[in-house]
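A, B, C, D, E and F label the chains in the order they appear, each numbered from 1.
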Amino acid sequence: MRLLVINPNTSESVTEKIAAVAREAAANGTEIECATAHRGVPYIATRAEAMIGGQMVLEILAERADNFDAAIIAAFGDPGLGGARELFDIPIVGLAEASVLMACPLGRNFSIVSFSSRLEPWFRECIAWHGLTERLASIRMLDAPVSDVAGIQAAQADLLVELAERAINEDGAEVIILAGAPLAGLSTLVRDRIAVPVVEGVAASIKVAEGLVALNPRKPTSGSFRQPIPKPATGLADALSHLIETGRLK
Amino acid sequence: MRLLVINPNTSESVTEKIAAVAREAAANGTEIECATAHRGVPYIATRAEAMIGGQMVLEILAERADNFDAAIIAAFGDPGLGGARELFDIPIVGLAEASVLMACPLGRNFSIVSFSSRLEPWFRECIAWHGLTERLASIRMLDAPVSDVAGIQAAQADLLVELAERAINEDGAEVIILAGAPLAGLSTLVRDRIAVPVVEGVAASIKVAEGLVALNPRKPTSGSFRQPIPKPATGLADALSHLIETGRLK
Amino acid sequence: MRLLVINPNTSESVTEKIAAVAREAAANGTEIECATAHRGVPYIATRAEAMIGGQMVLEILAERADNFDAAIIAAFGDPGLGGARELFDIPIVGLAEASVLMACPLGRNFSIVSFSSRLEPWFRECIAWHGLTERLASIRMLDAPVSDVAGIQAAQADLLVELAERAINEDGAEVIILAGAPLAGLSTLVRDRIAVPVVEGVAASIKVAEGLVALNPRKPTSGSFRQPIPKPATGLADALSHLIETGRLK
Amino acid sequence: MRLLVINPNTSESVTEKIAAVAREAAANGTEIECATAHRGVPYIATRAEAMIGGQMVLEILAERADNFDAAIIAAFGDPGLGGARELFDIPIVGLAEASVLMACPLGRNFSIVSFSSRLEPWFRECIAWHGLTERLASIRMLDAPVSDVAGIQAAQADLLVELAERAINEDGAEVIILAGAPLAGLSTLVRDRIAVPVVEGVAASIKVAEGLVALNPRKPTSGSFRQPIPKPATGLADALSHLIETGRLK
Amino acid sequence: MRLLVINPNTSESVTEKIAAVAREAAANGTEIECATAHRGVPYIATRAEAMIGGQMVLEILAERADNFDAAIIAAFGDPGLGGARELFDIPIVGLAEASVLMACPLGRNFSIVSFSSRLEPWFRECIAWHGLTERLASIRMLDAPVSDVAGIQAAQADLLVELAERAINEDGAEVIILAGAPLAGLSTLVRDRIAVPVVEGVAASIKVAEGLVALNPRKPTSGSFRQPIPKPATGLADALSHLIETGRLK
Amino acid sequence: MRLLVINPNTSESVTEKIAAVAREAAANGTEIECATAHRGVPYIATRAEAMIGGQMVLEILAERADNFDAAIIAAFGDPGLGGARELFDIPIVGLAEASVLMACPLGRNFSIVSFSSRLEPWFRECIAWHGLTERLASIRMLDAPVSDVAGIQAAQADLLVELAERAINEDGAEVIILAGAPLAGLSTLVRDRIAVPVVEGVAASIKVAEGLVALNPRKPTSGSFRQPIPKPATGLADALSHLIETGRLK
């Protein structure tokens, strides 16, 4: 099984973090390949940036999807997820989506903990889009400056653990999700310092993707994720243009 | 007062329809200018296409926003609306948003009627994003072939009226929204053939935009629509890049 | 265009405040006339008082509606709004309704700030009736004594600004509505002291009413706001009795 | 125990129907007295008429509440219920409210069946006000002409039973409420012709009122139903005026 | 009328408390009999224990239901309520259910106050099952050690009153429910120390059960509470086995 | 990794079906063991039967949990799931839960299709308990006689496919779940006859359980699934009694 893990941010250092956790989580026989956005911003934090990152996801998939059994959009907030499910035949998994789906059997609700309050609206709208707001206890955010996104995990670990405890004690959180690709791998390190299960999102994404591939679902020919009707496309990246115009990968 | 009306589709013929209705609806002293996407598809019908159209909206606004008092995103589905509100200081109005806001005082709920069932998921997610699903009676769609998007209004008027009557009689709709920019102007033509008020979306957008400009709201320095933190941007259109990197229009 | 602005309270001094803001907000060519309830209480604060004020709205409209293009019920809480929409052919706008509709494009949610905790249940039920609770961040209330309702704005301005800031910082409010007709005009004065947009409700009502008149909606012959079936009426004000018994204005 | 049953309609013949069922349902030692509105309409069917009937409820209670242990508003739709709870110290029960509360332990949801589609919006808003929409399966209405409101029960019984069966089979209703005071007593007659429990609303009201009196609840001094602050009142019925101005019954 | 009050806990001392309040609340002519679980735990506090207690309710009812007009499950959380309604023909009332139904006409919402935070998830899921979460203001819990469940009422009365006041002041509670059978009778003692109505759950259960018996509802032959299809049963208590296998009481 | 798959029904033939699909789905290195309830009914269809089956799940787990890394409750409706998560340290997965979690990334909603309308209330309450009703398009049920539960799959396959197509075309379902352990394995057989992805629930359960084990979550010491407080237990199965009384497996 081959999984494509897409970082919709331009930061290669974050891609490396993701890749390490993804390979650690992968089952025997699962090959992981990673891709990094070559346009956009180093870390998505707003709706505007998510729109740009989401389009990059579509472009990367248009170029590479046919070599993979499933793909993972490795930014919490799942940019481009809906559109990718329309255009491509393989299962597509969002990092936020997989995190919350795997959190569900571990507690009656979950809190999302991350490093910047700027991310909160995007995360909240993502959970709402997934129809899972009923399971969301709270979103708790640091207000750390984000000058070094790759170093944020080491710098903020203690504060994030503290914030997780507040989510547990004040918001009744029963599972903690340390959200955001720059925090990949942190869950394992702090597991024993937090009173409830902590979901490692990248690992969760790999397991959900592996599970979906095992279920061997067909591409729908009905419903909102069936293939769009081909139509003219102007000024888009080559492979994406071809896909929109023909309904087929190049 | 100067309003910028943005068609996120590439079809100039649709822009012309929109412009005609917009100018008709504008108050004395309101100037209307229109812009058409130069990249993307002729009519957005899916989440993937909306993501592309939404990025065009951001690019066009980055180039032109400083000459206007407010802007209108003239595609039902409001592509790019959230991101635009973050990046720009002027009020931004979505065509779907304005339609439903003006529908609210005219009935306890509304139905959306349009020409292609392909649009339904995008429209439904748009209404949910606005937090107005509680007022949505139903979405009813023709399954007309959309080969000639500009001609669809003339070709389908009777079927759309019929569909509106079914929304009224079977779904209890108290207001009808004939949705989609290609239907601009149709509401007025069929007003007397439908038993409840019909909202002309482009006209509603102009009135909501004029109203917001009159209220003279400040750009928030708190909350999810405050200016994003400047950050590096790679490979984007020039004016948008400048805005993301500096927080200022070029 | 002629708009009738109805104060369902008996306090003429509040009507004057409303009138001043309404005239300031009106477009060229919009004429504003005001009416004050001659029965009831000086300021409505409870469900019981709203029921009395709502009946006054129906009586005033029965007498005067045929000279106007639209009417505004200028008490936050919108007393009599549903009934008025049944009985009359012109658009009827509620002060609360217009405030929240114009707040929607300015932030993902809004908080209502006002001068007396007694008002909270009535306001909350009003927002629920409009189906807009999903957009309501919080209601924050002073507990000021209300001996001089017309003077409350000057006396409490600083405390209201402070309360607005708490709504922003503690409840995540992205728009502030300074609610209640006695606060008419305050929004403009404090605009620059509050970190998010502040909606002036009376001005919003005028703009929504003007917008609806421009849309030229028909009186529905289907749905919950179609004309009621004529029936005998006993002991009611003359014009209202005539309307209920005949379905026509006198 | 003394219960006051208020018919907010002006039709004495309906009051008699209500009285008969109420007395039949009352426990030993429960005395029933009835009152009929002397202003308003013979049968309330709209929001406007409910507002008028609701004010009559307040007037009647202001005159007579001090001789009773509890009161029942005997029109489905519960006109004036919220206001009455503010102004009076005794428990006040709505006919719709009692019907749905007693329906809850008899099935996982209920349908409301009645004689005129005109009543549907008012009934639906009533259930929403009570926060019980989650338990509402459907509202099913005849479109019978309502020339003789007292005779409607005899004339429409068979059609109402048929409609109840459709609610059961098509909407999954597990309890039927034959709604509206003119149908008082019908539930007992058709009990064995309907596949699920049928709630007799007037009887339910008596049992809920008796239960509340037995629980001996205090008048709240906190919350939305505490006594309103006294304030001047102009042009209202004498006893109601006195109550609003002094906070005390005359 | 004969009512069976079932304590699904094994603590006879709690049954006695319940019995005393139940007899006090019963109308003339209502006979109360009580039953105590002979298997299970002394006080149910978790979902696992509720499942065990619920099965005991089914067993006790299978043995004794045919001598009674209605039954009450006298543990807040209503263990076994859904299953009991399927299997038996008489009305079955839950202690939590009756408490909240009688709380509804006394305030726009209610808070549940009890002695152990361990109970909170069970109580919350119970209210959600009843579809009444919209009326729930909060659940407030002591963290008292529960070594002597029968003595808990005397020991904790003051702290519970204090907690009730916090629910009123901080959560906006308009009715208080002192939840849990070990608190039976406490409501009456503290009634005057709490600013809003306090519902005595056992008394409420008796009044709801009496009311339902008076309404004389039929056993449904449609819907989710109709009699299950008989099927083989292995290893269950004798009377319950017989009922499942034949659809009839022994 | 060792997984315990528990059939809470007494039908060994169904256990065999489940076991076959589970072993097919398991990854290399995953060992599957199955257990069948020795008390209860051959197929659970009601809330009462689910309560009995749920207690069996607790008993079986109390005896065997310490030899396994995770357990699966292999009846759609997830009997005993909440209680099991309290009492045991390993991840517990419900068949319904896993089915819907894996359905989520495959479509914006799902429909549940099964063989008996008797199951509908139980399934619906299960989905509500999981907080996933927002994603549920519909539940569609045959009304097949269930004399031979093991043979039902072969007998009803065509009708179930037809029902799935109705869910897709009339309810807008984007994923189909063929629900109920007796249908284990059917999804694979009919995959190509249904226009949207079909989730095989037993396979989904194995993949979710494997994923959870890989995430290595801790037993919470906070929240609703922490270990209950030990307390006396009377008359229960030996191992379950020991667990409740000591908080430890025997």
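We adopt the following convention: a contact is a pair of C-beta atoms (placed from the backbone, for glycine too) under 8 Å apart; a residue touches a chain by one contact, two chains touch by 3 or more.
Owing to the predicted nature of the structure, the values given are computational and were not obtained by experimental measurement.
The greater number of contacting C-beta pairs, out of the two interfaces D-E and A-B, is seen for D-E.
Centre to centre, using the average C-alpha position, subunit A and subunit F are separated by 28 Å.
If each chain is reduced to the centroid of its CA atoms, subunit B and subunit D end up 45 Å from each other.
Between the CA-based centres of subunit C and subunit F the separation comes to 53 Å, rounded to the whole angstrom.
Residues of subunit C in contact with at least two other chains: 108, 121, 224. The touch graph of these protein chains is a ring, one cycle where each chain has exactly two neighbours.
On the subunit C side of its complex with subunit B, the touching residues are 25, 27-29, 91-94, 97-98, 101-102, 104-109, 130-135, 168-169, 172-174, 188, 191-192, 194-200, 203-204, 207-208, 210-212, 214-218, 220-225. Looking at the complex, you find that subunit C touches subunit D at residues 10, 38-43, 45-52, 54-55, 58, 80, 82-84, 86-87, 118, 120-121, 125, 128-129, 146, 224, 228-229, 231-236, 244.
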